[in-house]
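These are the structures in question, set out in turn.
First subunit A sits with subunit B, and in the next complex the same chain sits with subunit C.
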Partner chain A sequence: MPIVTIDGHPISVEPDTLIIQAADRAGIEIPRFCYHPDLRPEGNCRMCLVHIKGFANLSPACTTPVTDDMVVNTAHQHDQVRQATKGVLEFLLINHPLDCPVCDQAGECSLQDFYLHPDYGLHPSDVDPPEKVRKRKALNLGPIYLDSERCVMCSRCVRFSNEVSGTGELQFVHRGNHVEIEAFEDRALRDPYAGNLADVCPVGALTSRDFRFKRRVWFLRHANSICAGCSTGCNVRIDYAENAIDRVVPRRNPAVNKSWMCDEGRLSYHNLQDLPRLESPLQRTEAGLQPVSWEEAMLLGQEGMRGPYGRVSAVVASAMATNETLWILRQCANSLPTPTEIDFRLQSINPDINAREDHLLRRLDKAPNSRGAMLLGAGAGRGIEAMAQSAEEGKVGVVVILHYPPLVGQDDNARLAAFQRLIRGAAFSVVLTNTVSGWWNGADVVLPVASWSEEEGTFTNFAGITQLTEAALTPPGEARPAWKALRDLLPVGSLSPRLATVEQIFDRGVAVISAFEGLHYATLASREATVYPPEGRKSYGQEGFAGR
Partner chain B sequence: MTKILSEHAEYPDQQELTAAKRRGAYEAWHQVLAQRPADVIGEVADSGLRGRGGAGFPTGRKWRFLQFDAERPPYLLCNADESEPGTFKDHWLLEHDPHRVIEGILIAAYAIQAREAFLYIRGEYASLLPGIGRALEEARAEGLVGPNVLSSDYSLDIIVVVGAGAYICGEETGLMESLEGKRAYPRVRPPFPAVRGFNGRPTVVNNVETLANLPWIIHHGAEAFRAVGTSDSPGTKLVSLSGCISRPGVYEIPMGYPLKQLLEQEGGGPLPDRYFKAVIPGGTSVPVLTAEEIEGVTIDFESMRQAGTLLGSGGMIVFDDSVSMPPMLRAISHFYATESCGECTPCREGTGWMAAIVDRLLDGRPQVDDLDRLLRIGNNIEGRTICGLGDAAVQPVRSFVSKFRQEFEALLHDSSTSNAPDWQTHGHGPRTARHGLVAEEIVRSEPVTGRPTYRW
Partner chain C sequence: MDKKDSQVVDVSVQAMNLGTGVTGMAAGFAVTLKNMVRSVPGRNTVTIQYPEQRKPYSRRFRGVHALTVRPNGQLKCTACFLCATACPAECITIEASAVTDDAIEKVASRYEIDLSRCIFCGFCVDACPEEAIVMTREYDLATHDRMDELQYGISDLTDREEIQAYGAGYRPHMQYPLVESYLPTELPAKPQDDID
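For the complex of A and B:
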């Protein structure tokens, strides 16, 4: 393997590694605008120029592969490089508008960050504002707004639309310092992945219509999560404040979603926010379902589930639930005194978790954890339809239904109808859900549970990759994570030792199942591949999230 | 003096195939088809021919860089995107002796075993197209070009492509992008065109004048070619003379010919009652020489380099004492600001900034440190761009400001220049007492050889 020396640090890397990648791996900062780890390098911003021993001219670190014994010096060590970097940054700023105070990118802008870096910026301005080249502002391109004056022409967005989403809707027009990004006839972008354009843009030229002017980024708090919009399991970061999500952006994971996510997934948090949330446990009374305390509801539930009914029990699982919730649900099913059937599928057909919806990320299975549910044995029955049939024939005693509406798309009416038939036919029914809805009228106990983004846990995506999702928000009202509610429904002493955290459930429960063998919650939480740039480093633009 | 390129160009019927053949056209082509390609490359390498587009890279060595692959035959691109200000030699060649260029393309294509060759002509040269098209048709009809050339098993098609008129399309990788139907953004090297060029295949890009030398080299041999010119720069050079000179036009002179002699004899010396002030010897992309610096300089790659400038394309622009340098620099720097493709940062932003500063110098609103600012901007562009356009834009600015600093400094202290003529209006700007002629007026004299259609 070639050994390259950057700023005096010897780094051993694979052949054909680019200098900038070697530096990233070693934690040596090289400023950049056009380089993006998931786009073809273009070398046009000239911000990453470095000095290579033996070369007369400076070379761009983002297009030059390392060779053995190469000696590279960056702006931190080399005066000529520092001068060049400062010069390039000055060029980028001469026609840049002075609108940071009203620019959405402020606070996560590469241009701003580099200007405030003593090695690259902090120079006095050498131009008069009236001399600046004027371009178009706030052009509405559908999901994206274009502010041409802020653009640094790094071509990341053009390359994204050409190489990744394949729609090729953006291009450069004009020449010299009048060059601009343009969509044909300024038409709205029809790219289902257009949201990524705002992410790849290192400055405020492309901003998301959804997030525009919503909140200053420095007020945002962050949680690393997994998108629950489909079975791909894109790594995302939830940006939230005041217990509400302001935006969801992709986190880089080369094994799953690279740096991208689809717009449906990105905006799926709106569907969650629009749901009428169930905030209190309910109990069936003469006058219909009435709010009760958790203690009462739990007592009632425990008592009801103990039976005896002398018939079979039916447990409905959900592929929207985490592995930990599903594992507890399995224990719940096992603890019922009668033979129990558990399933999350409508019919006894395995979901085609691999079916693609497009060439990139979206999959037809709109649940994040179908694979996990299968592996955990939550799909072991004849399907919900068949269970409902049994209930109508009066064969079912206890029914436990766990249900979350999907975050992308609509709730399946056939499924809800089956739930109603189950509840009607059962002797005793417990429903765990996050939404106020009509289908659970008639249930004995209804328990409010936390949604995606409100609880931590793991999802296993279509390919069998198990990933961690952190909690961002506090559940509304009295809602709690489903695994807690289910755990407390279990007879005392049936779980030993008592599992108090998701980590304990995963390590002592889920990871015991052979498909999850060797996984530890702690390593999932710090898996290197999900983090770019490496931990402890300052991030650039929006492709990196560590340290923010 | 030995004429290599212009030996028959003066005949009015040289564009016709029968006439050209009578004078020996395509004899070298017959000769080449009987040789092995490697021998052709060897002959050209031995001749010491260096690229005439500006960089002066040895042609034989360029061909040898090609990575041969029978599955993916290489391309030959003939660069006729002659856009360097002050240069009109390729235009002259294509107009007067198109068969020499076609034969050169054939020889080079055979040497590298290309199956297709492209002649990329800049959009502004549209008037040449009928002539080139006719010459190519004649050659095709005679079986000199096309499938199974002259009943051999070698086939070659020559395709003429017209650019849309951008300076950057003359940069070899920009030319390839343009040829592929894309925006002519130069490519980052490596990979070099010899490895991955047009359509991802190994590609050779040669200038028109370079290729036009080949028939003579094959016909007369490498040794005869070496006998002309200097040891480091064999052969002849076509120079385009324009500006304040009595006989502007295209001249073929042997390499090593004294620059002063060219200006005085071929060029006929300065206009009446004028004297030379400065010369840009190789297109506006090279540093200007003052009249004093011209002494002793000869027209070849080494001598020009020693004089602190470059032979470049051989497009020579002459200034006399009636010319004020700042408005000239305005014209030149606006050319580069307009023609910068906008791909990489230093050139995109820097060329426009330099032009804006020259503008404000001439418009009577200078800032005291503007000259140093110009030099500083130039230093921040040079050597930091993807292609050579950035460096090219810096040379005139730096050399004009440092060699004629007094004229520029006068602008700093004098606001009476605010009504200086604006070259962009394309009208006949007013003559000002202080600053003499505006740029577009200096190229007005009638040419003797050829008809330079070039205007600023």
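For the complex of A and C:
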């Protein structure tokens, strides 16, 4: 393994590693605009110039692979590099409009950050604003706004649309001072991954229409989460403020989604915000469902579920639920005094969790935790349709239904119809859901539960990778995480010791099951946020990311 | 100091010392008398008949805020949120919206200052890069209602008569003539509410 010395720190890296990657690994900052870890290096912005001992000229760190005994000095240590970097930045800022007050990128902008760094910026500007070259501003390209004046010509967006999404919709036009990014005839982008363009853009040239003028980024709080839009399980960061999600952006995870996510998933939080949320427990009375307190609802639920009806019980799980909720739901099913069937599938056919929707990330299975539900044995029955059939024949006593509407696409009507048949045929029914809707009319107890982004837990993606999702928001009204509601429905003493946190459920419950053996919640929650199936563990799909 | 060591003073002995008592009293009353003579009406009177009479305030007085407008009447504010960021009382609420105007792009569609929380520190005015928010010399903010009447929106911060009547106060980029700022100026009295 070559050993390279950067700013006096010896770093041991694999052959063919680029200098900038070695520096990143050692935590040495090298400024860059055009380099992106998941795009091909191009070396056009000249911001990452470094001095290599024995080389006559400065070299770009993003295109130069390390060799053994290489001695590299960055702008922090080397005067010539500092001078060159300052010069590059000054050139990039010559025509910059300095409209930071109206620019959404302000606060997370590389130009701002580098200019305010004593090693790269803080030069006086010699160009009067009227002399600057004017270009087109606020050009609407569908999901993206283009602001040519702010562009630093790094070509990250061009490379993204050529190499990753493959639509090739952006290109440079004109020359010199007048060079601009352009979509052909200014047509709206039809790339289902266009949202990533705003993320790859290091400046405010490409900004998101969805996030436009919504909030200044320094007011945002962050939660590391997993997208619940499909079974791929892209790593995302939820940016929120005042208990509302403002945007969702991808987190880099080379094994699952690299640095990307699809627009469907990125905007799926709107579907959640649009749901009419259920905020209080309901109880069936003469005059229909009426709000009650949690305590009353729990007593009613416990009493009803104890009832010896001499019939079988049916428990409906959901692949939208976390592993912890599903594990508690299974304990719930086991604790019922009658033989119990549990399933999350409509028919007794296993869902095709791996089926791709396109060449990149999207999958046809629009639930984030189908794999987890299968591994936890929540798909062991004959399917919901068959359970509904039994209910109609009068064979079902207690019914427990856990249901969340999907974040991408619509609720399956066949599924809701089966729920209705189950509730009608059952002697006692408990529904746990997050949405006000019609199908649970006739249920005995309806409990409001927290949605994705409101509770922490783990999802297992199509390939069997278990990942942690953090809570960002507080659930509306009296809604609680489903695992809490289900735990309190269990007969007293059936769970010992009492499980008070998601971590305890995962470590003492989920991780005991062979498919999850060896995983610890604390490791999942660590900085890396992702734990892959350890060596030798069965992987259920092809590699997470195909790319091009 | 230990209790034993402390000096014991017999107060009754001091009270017997009539000389000290009389001089002390005389000195005190002399101050009273001097100020009584000073404040004979027409001379150096401190008390005024507020609210009919008003005192002049500094040109740099930090009173109620005002939002400035462009020549075409549009708000100067582009909703950059620097004022809301600087505000230590977190009393500024802004909502931004896009405009199609080429030169501006972004305006504040809602700008609210909760004056019941404002501490009149002037940081918002310092933070503003374009003097879109300044302070006036308006200071009498008593209301009959604590909540609604002290929520000032865009129209309250631009169109109210008092803004013109009291005049501009603190503006960080303005050079103030120091002497002039303390000279009394004629201030129109605030319109009086009917008191039931």
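One rule holds for everything that comes next: the second predicted complex is superposed on the first by the 527 of 548 C-alpha atoms of A that agree within 3 Å, B and C clash if a C-alpha of one lies under 4 Å from a C-alpha of the other, contacts with A are read in each partner's own complex, and residues count from 1 in each chain.
Note that in this section a contact is a pair of C-beta atoms (placed from the backbone, for glycine too) under 8 Å apart; a residue touches a chain by one contact, two chains touch by 3 or more.
Not measured: the values here are computed from a predicted model.
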*Who does A:101 touch here: subunit B (first), subunit C (second), both, or neither?*
second
Going by the contact rule set out at the top, does A:212 touch subunit B (first), subunit C (second), both, or neither?
second
Looking at the overlay, does A:294 come into contact with subunit B only (first), subunit C only (second), both, or neither?
neither
Of the two partners subunit B and subunit C, more of subunit A gets touched by chain B
Could you tell me if A:131 is touching subunit B, subunit C, both of them or neither one (first, second, both, neither)?
first
Shared subunit A footprint, subunit B vs subunit C, residue numbers none
Per the touch rule above, subunit B residues touching subunit A in the complex are 166, 183, 185, 188, 337-346, 348-353, 356, 373, 379-380, 383-386
In the complex, subunit A touches subunit C at residues 99-102, 106, 137-138, 212-214, 216, 218-219
Listed in rising order, subunit C residues that touch subunit A in their complex are 78-82, 85, 96-98, 102, 104-106, 129-130
Note: in the complex, subunit A contacts subunit B through residues 41-47, 49, 56-58, 60, 63, 83-84, 87-88, 90-92, 94-95, 126-127, 131, 133, 152-153, 171-172, 174-179
